[in-house]
Amino acid sequence: MTNGKLINGKLINGKIVDFADVVIVYDNFPAIAGATFTVASGEIVLLQGPNGAGKTTLLRACAGLLPITRGTANVLGCDLRSDRFAVRSRVGLLGHANGLYQDLTVLENMLFWSRLVGATRSDIDQAMSAIGLASRLSQTRVAHLSAGQRRRCALATLIVRRAQLWLLDEPHAGLDAQGRDELDRTLRTARDSGATIIFASHEIERARSLATRSLTVAGGVVTST
Amino acid sequence: MNKISGVRRVVGAVLIKDLRIEVRSRVVTNQVLPFAGLIMIMFAFALDNDDVLQRVAGGLIWLATMFSLVVIVQRSFAIDTSDGALDLLRVAGVDLSAVFLGKAIALTMQLLVLDVVLVAAAFLLYQVQVSAVGFVLLVTCVIFATTGLGFVGTLYGGLTAGAKGRETLLPLLLLPVMAPVLIAATRATEAAFGSGGAVTSEGWAWVGLLAVFAAVFGLGGTLAFGPLIDE
Amino acid sequence: MDNAGFIVASYLITIGGISLFALLTLLRAKKSARLVLDRDKTWL
Amino acid sequence: MSQVSPRLAITITGTGTRFTRVLGVLAVVVMTWVVVSGLFLTPQDVVQGDAVRIMYIHVPSAWIAYIAFIVTAVASAFWILSKRHSMGFDRVAGASGEVGVLFVAITLVTGSLWGRITWGEFWQWDPRLTTTAFLFVTYIGYLAVRQLEGSIEQRARRSAVIALLAVLEIPLVHFSVVFWRSLHQKATVLDPNGDVKMDGLMLFTLFSGVIGFTLVFVWLVVHRQRTMLLGDLADQQGLDTAILARQNEGVSD
């Protein structure tokens, strides 16, 4: 717990994520097989690698969702081995799934997620315009949205959370060119206001231009830093 | 103070979300209610005797409730797992006890609607009768029984949500646990109907047992839900 | 002995059930024990 | 660390130790005495005749079944309360749960055979029988929860919670069943455990049964618990190879 003290929401030693020889086993399969890497405050880090390399598992582990089998893991000053629950309220995760309720409208979904984290209505409006989600869509049910619109809606719920560490799994997937531009802009803005970002992407060209650094994940190991 | 208002906010958000989705999708009204009604009708075919039906009406209402409960619980958690919302609830760092209470209240309210319809069906199909005192007993019994069932259903539904073989595991775990409710609610309902010469006053002790059950699983569920559904 | 069938059956089922469980446990132990280092077997 | 490679250091030793061997021999001796005395040496009961012979195995197995579930609950509580969440508690809870299910099954079978002789029916909706049947189903559910996928820690947490809920549930079931039967129909049948006038040898044989079954219970739980540890360790042994294989996936790409 002493590994990094928070002052004004920032870690004084600057390491937001610090993984050393981390092994994560689920159902006897080592999805992460000894990953070592660090992420400093204010970085935008790209995780690249083939499907099944362990990128998704790594992101979920950073969110405190998975038990660490071996090694040491520290995120935002929380030791994930002793208490992986403390970190949760301070990270924002966007996985392959959007976490939206199909039968609720865009606004109802936004209100649900923002009520959980205590955000206000103006936060929602800001987030929706930042990600280019037209306000005319707010009364539309999620079931009637296109894949790209859903992705934007999910991103908007994430923006509302004002997380210190953003963990994004294929955030570009399903978005059109304009949506990708808006996403990149949003992520840069979030970084400028103090957030650190880790994301996985197959859109290598675009992702490299966004990222400040990229890591390659293969066979459950971070192979190049 | 702050914590309590936070819990209340989460309970409210989850409750409204679950109920709104149910109202929109109409799965309970369009599928579960007909299913429960069908159980009542099928029993009438199987038993084929008005006197017997009058006697066992209470038991049939609660059996139909419990079979429907299994279906509703599975549906209630499928909503949260189908697009990964349950994962995001965990990451949101919200108090999972509050999520439990919100979902349990939503489930209880759906069961209340279901039971109103089932009792009405018993009046229509099985020709049961009820006195004024019996009616009070019946209403109290339905409230306590559905509350207990809502708690226990949410607890075990959460445990099996997303697990392999949940369709069979949930009834295996849930049906034996609900046995005390089945016995108590059936006796109380029979007392209310006066089936087989049962006296109304006998029913109140059973309502007491239902209240104990609801309290035990309300408390147990609030404490245990978080550890159970978290990976 | 009256009802000898039922009585003997209950004894056989009891002894048989316990023996079967014990046998299965021992067989399973033998199988896994091959894969585990002796120093990990804390009871030795 | 020795220089011997791990593979060579493995000798095939199961879960037996001197303690369990002594325990096992004792259990076999006592159980043999119970069978011989129960079937041949003890006299007939005045009321129940030879049927009383089932008592010498039925009563101890019911007793052990309840003990087993208490052990499961206590071990589960220890697992939850202990700071280090030692997996030993979880294994004892699981082993005891399995053995408990075995003994409840034996109790139900021997009980219904006894009932068939004294009542002429295999089953009566008597409170004690009904509660025992629910116990059986509840703990089958407990074992099913232990089989759910996930990490060892997850298995321990889930099953500990379920074990404690089951313990809360048992009095509720028992009370509701007793209350149900007392209001509606009085059990007019012969109570298999009552109406027995026991002489010295009968009492001694019943007592030996309790001792014998307890020895068997301890032997089974110790072995089963160690087998679980072996299974978990074997999975971990496989883990090292699996980790290497996983890492090589990355190299070949």
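Worth pointing out:
So that you can tell them apart, the chains are marked A, B, C and D in the order they are listed, and the count of residues begins at 1 in each.
Here, a residue touches a chain if its C-beta (ideal position, glycine included) is under 8 Å from a C-beta of that chain, and two chains touch if they have at least 3 such contacts.
None of these values were measured; they are calculated from a predicted model.
Any chain touching subunit C that also touches subunit D would appear here, but none does. Each of A-B and A-D has its own count of C-beta contacts, and the greater count is at A-B. Look at where the CA atoms of subunit B average out and do the same for subunit C: the two points lie 42 Å apart.
Here the spacing of subunit A and subunit C, counted between their Cα centres, is 51 Å. Subunit A and subunit B have Cα centroids separated by 37 Å. Taking each chain's centre as the average of its CA atoms, subunit A and subunit D sit 47 Å apart.
Within subunit B, the positions touching two or more other chains are listed as 231. For subunit D, residues touching at least two other chains, in rising order: 149-151, 154, 238. Looking at subunit A, residues 67 sit in touch with two or more other chains.
The set of touching chain pairs reads A-B, A-D, B-D, C-D, using the touch definition from the header.
Residue ranges of subunit D in contact with subunit A, taken from their complex: 149-151, 153-154, 235, 238-239, 242-244, 246-251, 253.
Within the complex, the subunit B residues that touch subunit A are 6, 9-10, 12-13, 16-17, 20-21, 24-25, 79, 82-85, 87-94, 230-231.
Note for the complex: subunit A touches subunit D at residues 23, 25-31, 33-34, 49-50, 53, 67, 69, 217-221, 223.
Of all residues in subunit A, only 60, 63-67, 85, 88-93, 95-104, 108, 112-113, 115-118, 141, 161 touch subunit B in the complex they form. If you check the complex, the residues on subunit D that touch subunit B are 134, 137-138, 140-141, 144-145, 148-151, 154, 157-158, 161-162, 164-165, 168-169, 172-173, 175-177, 179-180, 183.
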